[in-house]
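The same subunit A turns up in both complexes below, where it pairs with subunit B and then with subunit C.
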Partner chain A sequence: MSINRTYDILCVSKATSPITHNRGSEGNETIVSQEAVATPHGIRWVPVLSGNAIRHRMIREPGARFLVDRWGLMGKMELRTLQFLFHGGSLDSGDSNESVARLKTWWRLFPLIRVIGGALPNLIVGGSIHAWRGIMVCRENENRLRTMVPADWMPEGHLLPADRMMGRYQYVRQDAGRTVPDMAETKLMALDEKSGQMIYSGQCVNSGAAFVHGFRLRSATPLDLGCLLLSLGLWEKENGTIGGMAAKGHGRLEMLARVTPDADQTELVKAYAAHVESVKDEAIAWLHSEFGAPREPKKKGKVKA
Partner chain B sequence: MSATQESVLPAVAPLDSQSFRLMLAGLFSPCEDQGAIEEYRSFGVRIAGLLARHFGPSLDALTKWDRIGTAITSACAKSPQGDPDLLLSAALEHVKAELSVAANPEFSALLTELREKTPTWREGLVNYLQTTLYAVLVFARTKHVAARDERQVERARRKSDDTISSFSLGEEKEIQ
Partner chain C sequence: MSTPLKVTAWLAAPLVGDPPHLDALCEWVVSQYAVSIERTLSGSGDPLRHQEIADCPHRSQRAPRCGAMPIPIDRVKLSDDVIVSRCSSPLFRTDYEYVDHFAMRIDAGNVGPLMAETGPQTIQHGSTATKAMFRPLRVRVVERVVWFCVAHGSQSGGTKRSPQGCLRKVLREIAGLGKKVAYGYGRVAKWEVEPFHADWSWFAPSDAGPVLMRALPRRLIELPERLQGYRESFGAVAPPYWHPERYMEIVEPC
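So, the complex of A and B:
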């Protein structure tokens, strides 16, 4: 019998490459996502990682990939099924069907969705997780950080101000007419064209900066916790990133985590993986019944003579 | 589930107070004690003064303080831990100081005093130099100019004394 309880997962992540978790752009420059913090010296704006981004990148995506991999579903799902697993699904049917029995089946088969929530076409349910925002380890956040970590963990002294951990990047999108004109159909034509070179730049959080973040799992079973820990482990193992420009090497974080109350992570993860294996057939059938089975490819008719 | 699949299940690296502090290393301001800041300033001024006195004759004297600024920046980048030997050598090399600087008792005193400081203090010095370079240069230049003026006054006074004494000697000769 599983026991439901509350778990806190405290994480600290250090940037091992520039972080470009952006809020938008101004002209040609991207601007890092920031939040206003009231400090003893007034309001200051400091970089932040949104809880939404953390929840998606660190839990939902690696967790869903694990299910697809273990259940052999690669290339065998309708778009709606993928939407449900990777983006939470959407409530697009007018008639709601809030059956407790249906919900229990759903939760039993998908601890991942029980943790992060999701929507079937006619039923939407919130998850048991509260994802914290990623709070930058900086002077402006000192008071907040002291409430997030155990009292005796924070070293003496003052943290560096956030501004010291902000930097800039700049890249150039080259123009093929200039870099490889010899490969163009007509050399001269390529050179005559207006240059397509573009310089783009923006703010970033420097490598070495750290963020404290975490999760609270409410009324969770050990399977839920195992699911969460496995997802975090997969994200870390597969060089998971946060924010944009991962293709250029941005967004890499090195993460450490602490579970309260203390739990044997290895056993929890193994138990969750075994559970996923045990419900494989039932879960696939459930996905097909809710979202429809993948369509068979059309058979080609005989070619008339 | 196969044993192979189980063995590759990843776990998250554990977090405790020690690993937390290691993670935060370098994110703390090394020292904000006013007394220490005064001491950093004093050392910064002495280092910049040493560079000004041993500014290479092959360099353009008009670029002296620009060059001293880049010498300090470059030395701090080469020695973020504030290793005294490397810090001072790199800075002196940048201003093309002659090797005769070794005979300067101020250089020797700076080296000895910096070596006696703790690694944390030296990191604090580097951090101070990096963050307040302009102010350090202003203080150093003011002190350097004052010392130069003092030397000029002293030279003028000696010259004047020499003239008076030779004049006096001449008078005595005439009387005799």
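So, the complex of A and C:
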């Protein structure tokens, strides 16, 4: 019988490229996600990484990709199956019911979904994880950080205010009529017409800024912890990013993590990977029974004249 | 021996929704222990049995017996089926309030290569199971949440535990308050349990007269004269506070 217990994973991540985890735009400039913090000098707005984004990028997506890879499901899933694995599914059936047998099967086959929660068309179940928000290491957050981080992890000296770690980016989308006019069908154009060049810019958190974040797994088994660690490892291995514009090199994080209580992480990850292999056929059959198997390609019939 | 206590949750993240009642928090934690003990003893692994013990019935099921779950907070029996804990409602000051959003959108570029070529090839972002969302959250910046209560210690075997110790042991399992704790909102940085000079669990003194500190049943209790800060309403006075069976005529702080 597995032992259920609470695990805490505390992480400190340093930005190795600008972070553009945005909350929207003002005019034609993007604004980074910020939260209000009460300080002795009043309310200050400080950049933050949302727990929702952290949970998706660091756990759900790499964890789901691992399952797809191990079970050979690439190109073999219906949209609803993908929605379940990559976005937690949707409760969209009118006949909601709580079948304990289904739930037990679900948890056994998918420790990933047991960790982060999800919904079948008529059954919704919460996960066992709390993903903390990424709190910036800055002067405004100093009091909060001292309650979360071991004393030996806190940087020495004074912390910088958040606005010192804020920066800007600017890019230009070029106009092909001007950069490669020779390749156009007619050389027209380009110089006579109005340029399609666009400059876009916005706020970012500068490289070198650090964030404290983490996870708490409540009433979790070692298999659940193995699943979480494997997902985090895959995220890191694949140049883990957070926020937008990763294609331009934004959002790279370098992470340091500590698990409490201490555990043999390699063994836990191995055990989870072995579990995934052992339930492969059953899990695929279960996914097909819940969301439907991919349809056979239609045979081409004779077209009547 | 029972002791008046002041319990403070220092928050490390903004709060979404409202903080819960202290007795409800304690009952939830104890119920998790109860499930674990039951599972160990019976080895049944039956989630239905666990749900029954865990004191968290479905809306359509009967509410559990009032006061069935042992918690370190004192309770007062007002009638056969109404037992009220000696703890105040949560008290907090909002320093700032704003609206945040949480979003979900299935991205064709991301999942497209994984999709079977024989199924639907169009992702509906406006409806169906793949409907995208961008939902608002009312977020409040709250430094701390305070409850006043009267708690008792415990003795098992040769080990004695003080009321503060008992409450601390239970509360350390609570990592977040309010809604969307899975996203990191309402994170508790530190629990503080300290002795308090008086019992402010139901009523607190003021110059104008006693102030109501928690919801109490209107018909089962005689309200003190010159009572301040209350209104008559319809609601629950014991966990689970959301359960329709718990609803009755009450007076609640306002």
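General observations
Note that the second predicted complex is superposed on the first by the 295 of 305 C-alpha atoms of A that agree within 3 Å, B and C clash if a C-alpha of one lies under 4 Å from a C-alpha of the other, contacts with A are read in each partner's own complex, and residues count from 1 in each chain.
Definition applied: contacts are C-beta pairs under 8 Å (C-beta built on N, C-alpha and C of every residue); 3 or more make two chains touch, one makes a residue touch a chain.
Since the structure is predicted, the reported quantities are computational estimates derived from the model, not experimental observations.
If you put the two complexes together on subunit A, you find that subunit B and subunit C both fit without a clash.
Once the two structures are superposed, subunit B and subunit C can be ranked by residues of subunit A touched, with C on top.
In the superposition on chain A, contact is made by A:208 with subunit B only, not with subunit C. Residue contacts after overlaying the shared chain place A:282 against neither subunit B nor subunit C. With both structures placed on the common chain, the touch criterion links A:236 to subunit B but leaves subunit C unconnected. In the superposed model, the vertex angle subunit B-subunit A-subunit C (Cα centres) comes to 100 degrees (nearest 10).
In the superposition on chain A, contact of A:43 is made with subunit C only, not with subunit B. In the superposition on chain A, A:267 contacts neither subunit B nor subunit C.
Applying the stated contact rule after C-alpha superposition, one finds that A:153 touches subunit B and leaves subunit C untouched. Put simply, subunit B and subunit C get as close as 19 Å, counting only Cα atoms, in the superposed view. Residues of subunit A that lie in the contact sets of both subunit B and subunit C are absent, per the superposition on chain A.
Remark: subunit A residues 1, 4, 6, 23, 35-38, 43, 50-52, 54-55, 68, 73-80, 82-83, 86-90, 92, 98, 100, 103-104, 117, 121, 126-127, 129-133, 135, 144, 147-148, 213, 216, 218-219, 294-297 touch subunit C in the complex. By the touch criterion given at the top, residues 1, 5-6, 9-17, 19-21, 23-24, 26-30, 32 of subunit B touch subunit A in their complex. Interface of subunit C with subunit A (complex): residues 10, 12-14, 32, 36, 39-40, 43, 45-48, 58, 95-96, 98, 100-104, 106, 110-111, 113-120, 123, 128-131, 139, 141, 143, 173, 175-176, 180-185, 187, 189-190. Contact residues on subunit A toward subunit B in their complex (touch as defined above): 10-12, 14, 137-139, 149-150, 152-153, 155, 157-160, 165, 208-210, 229-230, 232-234, 236-237, 255-258, 265-266, 269-270, 273-274, 277.
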